[in-house]
Amino acid sequence: MELRILMDTGVLIYLILQTILLLFGTYALLGALQILRRWNFQATSPRQYSLEKRSYLVMLVIVFLTFAKIALFPFFAYTLDHLATMIPGAMCAAGVVEGVWFGEALLVLKLGLLFSGGVWLLLNRLDLQATDYPFMRIKSVLFVVIYLLLLLESGMDVAYLQGLSTKTPVQCCSVIYGVSGEQNALPLGLGTATLLLLFYLLFALQPLLLLQRQGYLLALANGVFLFVGYYAVVHFFGTYIYELPTHKCPFCMLQREYYYVGYLLWGSLFLGVFFAAAAAFLQATVKKPMVKLQRYSVWANALFTLLCSYFVVSYWLKNGVLL
Amino acid sequence: MAGSFFHFLLLTLYKNRFFHATTLLMAAVLIFLLASGLFVVGSLQKQTFLNLAQQPEFVVRKLRGGRPVATDEQLLYALQEIRGVTAVRGRVHGRYDDPVFEDTGFELVGIDIFEPSLTRTLRKLTAREFEKLSPDQMLVSPAVKELLRQNYYESEYLFHRYEGGTMRMEIAGVIDRDYALQANDVMLLPMEKAREVLGLPYGTFTDIALEVPNELELDTIKQTILSRYANVEVIDKRKMAARYQTMYDMKSGVFLSLFTVVLLGFVLILYFKYSHVLSSAKREIGILRSLGWSINDLLRLKGFETLCVGSVAFMGGFIAAFIYVYGADAPLLGRIFLGYGELPVDYDFKPFFDPGLFAQLYLLFIIPFSAAVIVPVWRLCIIGAKEAMK
Amino acid sequence: MIRVENLSKYYGQGRERKTVLQAIGLHIAQGECVVLKGVSGSGKSTLLSLMAGLEKPSEGAVYIAGEPISKLPDLHQSKQRNRHIGFIFQAYNLFEDMSVYENLLAPLIPRKLPVKEVDRAVSKALEAANIAHKKHTVVRNLSGGEKQRCAIARALVNDPEVILCDEPTANLDKDNAALFTRQLQQLKGAGKTLLIATHDPLFETLSFVDRVVTIEQGRI
């Protein structure tokens, strides 16, 4: 790892915190494995009683871990954004992410980790509400998976930071996402108009699915909405945030110039999709519809859609034309 | 729910105020030290980049045997012809060591009264005094002025000319304190006089500054110059910026690494402090358990307690550091980062709140802080009600 | 109301195993007042703890209002305890630094009630225990009898069906003990189930006591 990159305030803090979390994760893992091996709620042995107490520690650590990871994800994005000042060619986090071949995969992994952590929290809630810890085993297995993801993530973090170079130039976002880039084309040959139509239709579909209590379909719709929303922001709504028709980038909106609006925008989309998918996952596990979560999902997506539309409308009101 | 829970939270916080006060104090001091250090570095960095933004995009100078030599006007006119270059200006500057002041030199900068295209910085530096400056008057930085005054040069100063003999210059005024960081040892004098002191022949320059407004043309222009002239060096502003960035990043990085060690110590102290809670705290837990509080309720109470103490300590330390650095200009600590040059730097820190830095520091503090108390708090919350109340 | 089935409690393991309670069976009906009599160390306060779910049994089970309190996860056990059981201790176990009102707040917090209902519950309990005039006095400044009444108010604030008393008169003088027994009588009148663990012979003479159960070396 180049000293310059290691010595960056954000990178240093990130690595310190990630190390702490990994240590605590390992501690919780030992507890989770013990629970997997010895858990027997019917027993009245001192061992079971002490295991029940221990399960609270495991729970506490995982809750701590998940909340810390939720806070660390935007922090990581912020740090990448800052690294852009050191890496030649990069104007924002886009270039930094692309600076190493698995940069995008790492971001997806991080999101996956947040997702599993969130599901764990919800499952834990259900488990505590029941009278016989019905999900103790599933929870423990899920945590083992989370731990493995965490290990993988930490390894990839280090490899990623090691792979970044302050000498080799990278592409800036206008090349990666812009007119001349390779990822510029919309998938399936969609045009902007079709994309937007799809975007709003999918959004309108969600409250209907909620009313019909179609949890699995809602999750499916959200899965599609994630992709459509992503492309719609990069290719259409983003240009209104930047007020520049050629500026297509999912990362620049995380910067101070745009009042960090990207965090809110992407955060609301992620939450929307998360709640829908988690609801479906829990519905499959618990065999009960998770209406509350589905409702959260619709609200979060509504915030996302409203935010996207706001930039277009406000541009139109200010300038009287569209881009 | 919220009402009575937070009422009770405040009560227990108040009840254990002496226990929390020591934690609070330690944590606040820690945050204060870290935040002040990073504020100082951040502020210097910001000022440096503001200054840098005023600089020309390229500086070209002639080399002979790899060493810079005076450039003539021909090169200046030739550079003017390159497409995309909007302004070209010959600059005269250099180091002048006065034999009287050992170890102390001045940075001489020549200014051309009749030159309309002064650099933007110089224009700002001299805005007030420039118009009325006569050929044997000069402007100096506040630090230089003070040094000269101590050596009985109250209103004028005697230069030793390169070619021999002396030259008397009147000190007409001082430049703005805001530029102290960049121009702490500077003397501004008419260009011709500066050439005389520095030993540059008439019509030659130390280097040539180019202004290129279009970012996209920078690389092309640089290549053009380098391919056309073999004996020149092109100093790129972007390279300078990167170098400054590295320098400041390293400064904060080293400071932060040292701090991490201190943080580790703090975490250990916290761990032991929370592990040896008083029997009264145990009794409190036992009573609450008997009243029907679940382990979850207790953990929530203790969690909020920790978060409150941590956050209050953080805010306290952060605000104190803000006042110390931006209000009082960081006495003592500022010195470490400004460094002792030959002349003391008198620098005025401009208040600047960076939400990114705030969030970074908060996370760096609150995560280890919570981590330290997790296990002790759990151990406290699970003890049997019966043994707790003994 | 309270059903104890084949309840045993040991501490330690193997040869060092110490039996505190041995196969206890007990049934207390709703509204009944039972005195649990025994010398100190006979296991009566352990039995009380087990009934409230503050300790886990080695064998057997406890049912409160039909719910197997000893077999539930902590969260539910605590909820049961919070709803159904009020405790009155020998040492009062009040928060000495807090006011009477604030002491009464503590059992209400896990119920997550709105503020209005919290205030109503507190007022009602203060009236019932005859301590309303000291609502904002810090407990440390109360007399022994007032502390006892504050403890009663706290036990009543969640309107539980069962009141468990552990040596309630040990720290009281004669007059206050008499006052306390009168209050107990009122509680019984209000339909509460009372279980009083004590070695004070005073309780055996009381008219409203339905039954005296003697516990000796962990057996009834």
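By letter and in written order, the chains are A, B and C; residue numbering begins at 1 in each of them.
Simple rule for what comes next: a residue touches a chain if its C-beta (ideal position, glycine included) is under 8 Å from a C-beta of that chain, and two chains touch if they have at least 3 such contacts.
Please read these numbers as outputs of a predicted model, since none were measured by experiment.
Averaging the CA coordinates per chain and comparing them to the mean over all protein CA atoms picks out A as nearest.
The chain with its Cα centroid farthest from the Cα centroid of subunit C is B. Between subunit A and subunit C the centroid-to-centroid distance comes to 50 Å (mean Cα coordinates, whole Å). As a whole-number value, the distance joining the C-alpha centres of subunit B and subunit C reads 65 Å.
Work out the mean CA point of subunit A and of subunit B, and you get 34 Å between them. Those residues of subunit C in touch with two or more other chains are numbered 74-75.
Residues of subunit B in contact with two or more other chains: 295-296. Chain contacts: subunit A has residues 56, 128 touching two or more partner chains.
Listing the residues of subunit B that touch subunit A in their complex gives 38, 242, 245-246, 249-250, 252-254, 256-257, 260, 295-296, 299, 355-357, 359-360, 363-364, 367-368, 370-371, 374-375, 377-378, 381-382.
Those residues of subunit B that touch subunit C in the shared complex are 1, 3-5, 7-8, 11, 15, 283-284, 286-297, 384-386, 389.
Residues of subunit A touching subunit C in their complex: 41, 44, 46, 49, 52, 56, 128-133. Only residues 3-4, 6-10, 12-13, 16-17, 20-21, 24, 53, 56-57, 60-61, 64, 68, 71-72, 75, 78, 82, 85-86, 88, 128, 166, 256, 260 of subunit A touch subunit B when the two sit together in their complex.
Subunit C meets subunit A in the complex at residues 13, 56-59, 72-76.
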